[in-house]
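For reference, the structures are reproduced in the following blocks.
Each of the next two complexes has chain A plus one more chain, namely chain B in the first and chain C in the second.
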Partner chain A sequence: MLEGKLEQASLFKKVVEAVRELVQDCNFDCTENGLALQAMDTSHVSLVSLLLTADGFSEYRCDRNLALGINLVSLTKILRCGNNEDILTLEAGDSADSLVVRFENTQQDRMSEYALKLMDIDQEHLGIPETEYAASITMPSTEFQRICRDMQSISESITIDCTKGGVKFTCEGDIGNGSVTLKPNSSADKPELCTKIDLSEPVSLTLSTKYLLNFCKATGLSQQVTLKLADENPILVEYPLSAGHLRFYLAPKLDE
Partner chain B sequence: MSLYQFLIAVRQQDGQQLMAETGETTSHLMGMFYRTLRIIDNGIKPVYIFDGHPPHLKSGELAKRYVRREEANKAMEDAKETGDTAELDKFSRRTVRVTKEQNDEAKKLLRLMGIPYVDAPCEAEAQCAALAKAGKVYAAASEDMDTLCFAAPILLRHLTFSEQRKLPITEVKLTETLEGLDMPMEQFIDLCILLGCDYCEPVKGIGPATAVKLLREHKDLDGLVKYIKDHPESRYKIPENWPYQDARELFLNPEIVDPATLDLRWEEPDVEGLVDYLVKEKGFSEDRVRNGASRLMKNLKTAQQGRLDGFFKVLPKEKTNTGDKRKQADKAADKTKKVKISKKK
Partner chain C sequence: MSRLFIIPAGDGRDDSVSSIVTLPHPSTAVRTRYLVTRSPLAIHELTIIDHPTPHSTLISHSSSLDCDAGPTPLSPVSETSATEEDTGCIISSAQVHIATRVAPFFFLLRVLVQHEAQYRTWEDIFDCLRLETPAYRHISALLEPELEKIADTVEPAPGIRCYRLSRDKLFRLLSSRITRMTDKLPEILAKTHVTSKLAPVRFDESTPDEMYVRARRQVAITILAGYLPSSLAKAFVAGFESEKRVLDDYVSRLKEARAQEMMRQMMMAGAGNGKRKFEDEDKDEALKNKKTGKNAHASNGVRKLKKADTTGMSKLSMFFNKK
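Showing the complex of A and B:
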């Protein structure tokens, strides 16, 4: 039996919106600790990993581990039936063949309830090894989104070079090339606008613009984003949530 | 394999093969050139494997093919006399043979394009499988199911079918196939031999379902053959002179070049060389050749997208409570597909 109540439907809506670009069908794994999701896109280039811990819910209960197989397109259709400010409740029985989604408006005078049919999804779980990242860059998520958006019209890939002095995003395409350099900065009154770089050694990765842009769908979830890089390893793009996280991994492009 | 397809399929409207002014056939080069470009445009780096000498076990199959070709030849002559163009076209396609020169021309083309190729000592499928197994390439692409028997971890079918046919590419994973059939590799090979391969005739009256059942009962072909011999009253007859042991040996220890000794390199195309060869010698359109060469250059430069599989390992499955949910229909379909694929051609 799963029962989870979120004070704001918007959080769940945005999460699903961000994941939907990469995966169509996936299992939501429910345990007593919270709601988790891990899935790769069909071409096995990127992986999304979501964790909504139990304390992120105003009420949460899950007595038995459940894997809810969900088609995200269908789930989106149902989530559109609720407003962002609504209180959202997710409910599923132990052998349920559907997930019940309930919306309650803030005035508590309108209640709606939808049931989504579940699927049996045979999904592989991947073990993600602990990686020692050579660089960790924390920056405003809107800035990251802007860079990806600006560069998408120039090149299919973006190279991220990180050194002590700053982080440089470059793109090279048929029409020309471009770069954006960000230097670490801190401002006490606006911590969400800070750029922070932790670096053990310089690192450079080339990544697909298309996938990075897909990750940017999560921009609305968090004011800051953290990029973690290690040479020849997948980049980790992490959007922290108030209780949990939304992480994206993307395999780099390889030079021969 | 592909060269045959091109010689058969790449034709003008009147059914004649494409020819240069000198009257040489160029269908194979045309097909090779454009198919390779299409593969590269889709971000795939191909390696071509050429067949070596056929294993002697294949002589039976080859003889049969020869007879069929002879028959077609005859029928073609007949059709010529009666002036039936549809028939003529049909049979002329069946008489196609790839000549040594055409093979060499194809190799020359690949060299100019900067695409690596390997001359297999024997069966090309075996070499493909070995390269895939050694991790030199991601998968073996072939229409021939034998590739799985040669233990290619991943087999791609319909990789280069015409886009118009809208056939999805099929990816067959060997481990999953074996898991689905619940069979060890040796038994799977036996199964394929039983159903008929290039080296052994199929046993009459045994289809995929029966074959799986019989092999489960008798464990392997040795057991099954012994059983049939000991029970002459059984419905099945083993063909005379049925060298299943040799066929098995051929699948298990094929004659191949050690993949570790092969250095596969994608190089820049020799644009002028291509123009000289294709345009001046073979009468291709210069614009198209130059355009193709620039596509080769572009794709060579763009870095290849890596995959996550190498970094993250699949965890063993945990049993979760999935309950009584709607089954994904393709799961059941998958099983039947897996049985079907072991039936060749």
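Showing the complex of A and C:
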């Protein structure tokens, strides 16, 4: 039996809206520690990994591990039936064939309940090894989104070069090229606008603009995003959540 | 692995050897691959056109695969038979490398602009280039004659010539190219950057020819500026600022008129009541999917990603182990 209560439906709505841009169907793995999800896009070049820990829920109980197979477009349709401020409860029996989604408004005088049919999804899980990243860049998530948006009209790929002096995003396409350079900065009163670079050695990765832009659908979840880079390894784009995280991995474009 | 190149007619004749060299891009200094043909000696930039899904290409030397000859029997076109009979070959990729000539003087500009105040000999200039990459030796014979076109010269001693960048000469040369490019702008560029931008709001209106010429010139200026080092590009583009402003004003007036016209049409159709919400978007999406036979259970993002170019990207299972 799973029962999880979130004080604000908006968090779960935003998470699902972000993940559905990458995968169509996936399993939500429910354990006593919380809710997790790992899935790859159809080309298997990117992976999304979500963790909502039990502390993030105002009430949480999961007696037995459950894998809830869900079509994310259908789940979005149901989540749109509730308001952002509503209290959201997710409920599923041990051998249930549907997930019950319940909304309760803040005045507690309106309750709505929907059931989403579950699917059997055969999904492979990948073990993600601990990687020593050469660079870790933490920056405003809106800035990262803006760079990806601006560059999508110029090129199919973005190169991220990280050196001691800063991080440089460049793109080169048929119409021309472009670059954005960000230098580390810190501001005590507005920590969300800081750019922080931890670097052990300079690193450069070329990545698909379309995929990065898709990851940016998670911008609303967190004011800051962390990019972790290691040569010839998938980039990690992480949006921290108050209890958990939403991580995206993307294979780099390598010269043949 | 074999690759397919399309090079301008007459370049790289049968008996000459062409090579690929890596040189810094004239504008950005990013290392870029160029094709150098020997006979006649010319440098070409490469544009790769690819197919989003795996395809292979059959190149046939004989006319046996002529489309007019009707359907081709499947069996004779195997890789081995093609090689044996020397009638063609199969390349396991749909990539086509389109080679376009680049004027060699662009490759001199970054070095010349670094020492803009000094007169220097060709040997000095070439040494600077060679420091960047020795690969310049492949095109040195192309570069030296080009200096005269873009530099002032002095002869301090008999037989010794020194060169210094002349912005006047360079910009005059580029201006003549703008005129040439304006007249011969490829159809696809004209369509995206000129015709669609300047399309009149209503059928009974027309855009002045002068604006079309201005828009075509702006495309040419932008393309040329893409080959200049940033300081030169800024000065070059600034020279056409007033010309650009007239065009920009006209385009923004057109945009405004177009928006008003659209509002008017929406009001007439009764669609402008501001009640459109997510549900409608979903309905539209579902309707569109129904018409095109697409999967209604996948989001827009998922469908867009199916079209993303993933060449050169390995599957994640290469990096992460299966559990």
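The rule is short, and it goes like this: the second predicted complex is superposed on the first by the 256 of 256 C-alpha atoms of A that agree within 3 Å, B and C clash if a C-alpha of one lies under 4 Å from a C-alpha of the other, contacts with A are read in each partner's own complex, and residues count from 1 in each chain.
Simple rule for what comes next: a contact is a pair of C-beta atoms (placed from the backbone, for glycine too) under 8 Å apart; a residue touches a chain by one contact, two chains touch by 3 or more.
Note that this is a predicted model, so its numbers are computed, not measured.
Colleague: Return fit or clash for chain B versus chain C, each positioned on chain A through the superposition.
Modeller: On the superposed model, which is not a single observed complex, chain B and chain C clash.
Colleague: With both complexes superposed on chain A, which partner does A:Pro140 reach: first (chain B), second (chain C), both or neither?
Modeller: Touch status of A:Pro140: no partner.
Colleague: After the superposition on A, what does A:Glu124 contact: first (chain B), second (chain C), both or neither?
Modeller: Both partners, chain B and chain C.
Colleague: Check whether A:Gly4 is in contact with chain B, with chain C, with both or with neither, and answer first, second, both or neither.
Modeller: neither
Colleague: If you stack the two complexes on chain A, which partner ends up touching A:Asp94: first (chain B), second (chain C), both, or neither?
Modeller: Only chain B; A:Asp94 stays clear of chain C.
Colleague: Identify the partner contact of A:Glu156: answer first if only chain B is touched, second if only chain C is, both if each is, neither if none is.
Modeller: both
Colleague: Determine, under the contact definition given at the top, whether A:Ser43 touches first (chain B), second (chain C), both, or neither.
Modeller: It touches chain B and chain C both.
Colleague: Could you say whether A:Gly56 touches chain B, chain C, both of them, or neither, answering first, second, both or neither?
Modeller: neither
Colleague: Go through the superposed model and pick first if A:Gly34 touches only chain B, second if only chain C, both, or neither.
Modeller: neither
Colleague: Contacts for A:Asn71 in the overlay, against chain B (first) and chain C (second): which applies, first, second, both or neither?
Modeller: After superposition on chain A, A:Asn71 lies in contact with chain C alone.
Colleague: Give the stretch of chain C that clashes with chain B in the superposition, choosing among 21-29, 75-83 or 237-245.
Modeller: It is 75-83; the other listed stretches have no clashes.
Colleague: Where on chain A do the contacts from chain B and from chain C line up?
Modeller: Of chain A, residues 40, 43-47, 124-129, 156, 208, 233-234, 249, 251-256 contact chain B in one complex and chain C in the other.
Colleague: Which residues of chain A touch chain B once you look at their complex with the stated criterion?
Modeller: 29, 40, 43-47, 64-67, 69, 94-97, 117-122, 124-129, 156-157, 206, 208, 233-234, 249, 251-256
Colleague: Show me the residue ranges of chain B that touch chain A in the complex, using the header's touch definition.
Modeller: 266, 302-315, 317-318, 320-328, 331
Colleague: Going by the contact rule set out above, which residues of chain C touch chain A in the complex?
Modeller: 1, 27-28, 30, 47, 222, 226, 278-279, 282, 295-302, 304-323
Colleague: Under the definition above, what is the set of chain A residues touching chain C in their complex?
Modeller: By the definition above, chain A touches chain C via 20-25, 40-47, 71-74, 76-77, 80, 124-129, 156, 170, 172, 174-177, 208, 210-211, 214, 217, 233-234, 249, 251-256.
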